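Single-structure report; data block below.
Chains here go by letter, A, B and C, matching the order in which they are written, and residues are numbered from 1 within each.
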Amino acid sequence: MSVALRIIPRLDIKGPNLVKGVHLEGLRVLGKPESFAKFYYEQGADELFYQDVVASLYGRNSLQDIVSKTAKEVFIPLTVGGGIRSLNDISSILYAGADKVAINTSAIEDPGLIKSASIMFGSSTIVASIEAIRQPNGSYLSFTDNGRNSSNKEVVSWAKELEQLGAGEIILTCVDQEGSGSGFNYDLIKQVTDSVSIPVVAHGGAGSAQNILDLASQTQVSGIAIASLFHYDYIRHNRYIDDFNKEGNTDFLKSDRIPSNIESATIAHLKSFLLENNIHVREL
Amino acid sequence: MKKPYKIAIIDYQMSNIFSITNALDALGFESKVTSDRSEILSCDGAILPGVGSFPEAMKHIKNFNLDDSIKDFINTGKPFMGICLGLQLLFDGSEEIENSCGLGVISGNVKRISAKNKNMRVPHVGWNHASKNKLLYNEKNIGPLCSLNDKDYFYFVHSYCVEPDNDTDIYTTTEYGGNEFCSSILKENIFACQFHPEKSGENGLRILNEMFN
Amino acid sequence: MTFRRGNIEGQIQHIPKEVKWCKKCVVSNQRPRIIFDKDGVCSGCKNTEYKNNKIDWEKRERELVDLLDKHRSNDGLWDVIVPSSGGKDSGFVAHQLRYKYGMNPLTVTWSPLQYTDIGFQNFESCINAGFTNLLCTPNGKLQRKLARLSFEELGDAFHVFVLGQISYPFQMALKLGIKLVFYGENGEAEYAGDPEYADKPYKPSSEWVKQHFKGLTFRELLAYGLKNKEYLSEDDYSESDLMFYEPPTAEQLDKAGIAGKYFYSYYHKWSPQENYYYCIEHTGFKPNSERSEGTYSKYSSLDDKMDGFHYYMRYIKFGLGRCLEEAAHEVRDGHITREEGVALMRKYEGEFPEKYFKDFLDYLDISEDHFWEVVNNWRTPHLWKKINSEWLLKFPIK
């Protein structure tokens, strides 16, 4: 495949902070998004994904500032999600510097939004985000509000419907694996990539470079969104607490703990490892 | 120190203007986001950006009375750059959504990327190469990609691609899913690319620099 | 026959008739025993400020180590009891005591009224993280009737669970000769008037047992039920079934050297959210796949199907639901802003716990009509108004 597999750091954002949960729960502050973004850009990230994790929950969206700040220093594509509810929201965030928008909650509430958005802004601008959670009977349902409220939309059929509506890309978050570093849900990812012909980005579960190699070799994903693996690595050497006292769960940041269940890896190390194993990624 | 060189970023309310401004800023260029004809014509260079669908873009361009301004600027011979949809709009027409006419500056049409097999996803999203048209540019350091080579990566995100009638207009091609498509054109003072230089990291910035220097 | 409740419940009569909201967090003055200062800030906020700024946590840890050194067994037998549900808070305490401080905890669990799947899963994960556990499930026939009695006469079916939850660990401590009983957070102290008074490593047995018997006691509740309820009779139980609903006497505990309820939150800056992360990492804890009804979180108090009704009745009685409880804590801890807390409350506060409604009715063996009769008996008049057959709070959060 001539187009390179994309390595996409995902930055969950609450207010002014980068936060990191597990299974999309918990809002532990790890730092300021701008500094992570810059570091990842310099390391060779292919795209950045900003998700306002509390936007739907609080009924707001507030990423304009951080998006504009990032776009000034970072010259790779930026996808922005969280609380995108209307065509106006989309155009504001694009105008602020985003290249693509990711929509989840509002798409489930009103699938027509995907359709009208893709007509107005072009399919390739509209990314449909799916938060998948396993049900007791083994099926997967799509959730909204940062993995909080279930819908009756079964994941694979919803993915197909989103493609029909005009979404240009799907980002699939496997919530049961998210933040745990336990590896990917290869089965579900494969089912989704097999059922659509638009690019699929997988998110949730990256625990090691090997996990990512396995995912790239076993599935047709076009990109992999990674959070914990990169963020916990970054803060090993960049743990700044000065500005944070104003907001957020900063207990972890103020301590010197490192989670034992997350390996750490830099983008550069990951890409070398993938290249050594014949996975086509972009070298800087 | 800002270079005394002003670039018009043609605004028809359909693109990520901010990123382009930022990129030019970082390179020390002065830029002006505008849809005003005289302002555009007074600049030393111009960029036609674009994100979205072809028919919608043409509607906006007509609404802002920009079609003439664009053609007139091109005719001044000053550097003119089209990006992504801005490349496609220069052509005769596109089949995206409904058949519509473009600006007709470059001869040819815009067609949907054909997916040869299941592995080939549309839209084409991600980092890919842009190989120079060997017939015309072999070993010649010409054009905005003169300092870059076939191994360099640029960021693409599109479902449609241009098919120029004249091979001489083709500056670079890109391979995707077994097909080669035209990823940029170079004709006199016009350079237009399917990929996004403002989103292609350092390589992209180099292209912008070369273009307007 | 219309249901009318009796008058054995002792808290509602004391709450202020005028509703005020804390200026800093999202709690109201309807919470029993809370105090608001002249600036409209609640005692919970004051105590958290004190906790965040006035405490030397390194010193506190040294105190903990001293305490544990005194109690640590040198033969590997149990030296501390951790009342545990398998949830994130007790999981954190048990794990820290064992793996950080080398103690030999015995976890004891007073069974929820009805285990949820996720609750039981987490309960087992905690055991698998390396703890011997005693699970006590009281006589179901009796417990269900007591739950109904508590629901009708105290406005909280959960009350009977709480009795056992308080008493069982101390009954076991006494029986097994274990002197140290360690809880997580000192919940009551969070709202006490004077933070310095509340900030103590343990609550002495003499104090808490005496307080416990001052209000309505278990025996009094049971007597009331036997006298006034057709569904409850002495045939439903024998004396042994009652053992764990009451704590040992203060004298028995003092004699056994059981000082009282120790609180881990005295020794370690308590953060329920960080306990979540810790348990994910160390005890195999998993959050629920969806948020709990009545609130926004997925990791708090997951083990009991009946839980939602405890919070719902608090909402009916005091206008204080589940979302408020969590949001207030998080606002005080600085995790979310008051504005965000308010947004969450407007979205989820008072949400009816539909999911296990049928289970609740079955457990209590009551009809839906009777359920609503009871609920309406507990609607505190100065809090509620009926508009177009819908009940609304007179003074919602602002």
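Criterion: a contact is a pair of C-beta atoms (placed from the backbone, for glycine too) under 8 Å apart; a residue touches a chain by one contact, two chains touch by 3 or more.
Small disclaimer: the values here were computed from a predicted structure and weren't measured.
Chemist: By number of C-beta pairs in contact, which chain pair leads?
Modeler: A-B
Chemist: Look at all chain centres (mean of CA atoms) and spot the one farthest from the centre of subunit B.
Modeler: Of all the other chains, the one whose centre lies farthest from subunit B is C.
Chemist: Going by C-alpha centres, which chain is most central here?
Modeler: Chain A is the most central one.
Chemist: Calculate how many whole Å lie between the centre of subunit A and the centre of subunit B, each centre taken as the average of the chain's C-alpha atoms.
Modeler: Roughly 28 Å, centre to centre.
Chemist: Measuring centre to centre with CA averages, how many angstrom lie between subunit B and subunit C?
Modeler: 64
Chemist: Whole-Å distance, subunit A centre to subunit C centre, using C-alpha means?
Modeler: Result: the chain centres lie 37 Å from each other.
Chemist: Where does subunit A touch two or more other chains at once, residue-wise?
Modeler: Nothing qualifies.
Chemist: Give every residue of subunit C touching subunit A within the complex, in rising order.
Modeler: 117, 269, 271, 273-274, 276-277, 280-282, 286-287, 289-291, 296-299, 333-337, 340, 343-344, 347
Chemist: In the complex, go through subunit B and note every residue touching subunit A.
Modeler: Residues 14-19, 22-23, 25-26, 51-53, 56, 85, 97, 115, 118-129, 153, 155-159, 174-177, 196, 198-202, 204-205 of subunit B touch subunit A in their complex.
Chemist: Can you check the complex and tell me which residues of subunit A touch subunit C?
Modeler: That would be residues 15, 22-23, 25-28, 54, 57-60, 133-136, 143, 145, 147-150, 175-176, 179-180, 245-252, 259-261 of subunit A.
Chemist: Hey, which residues of subunit A end up touching subunit B in the complex?
Modeler: Listed in rising order, the residues are 1-6, 41, 46, 68, 71-73, 75-77, 94-100, 119-125, 168-169, 194, 197-200, 220, 222-223, 282, 284.
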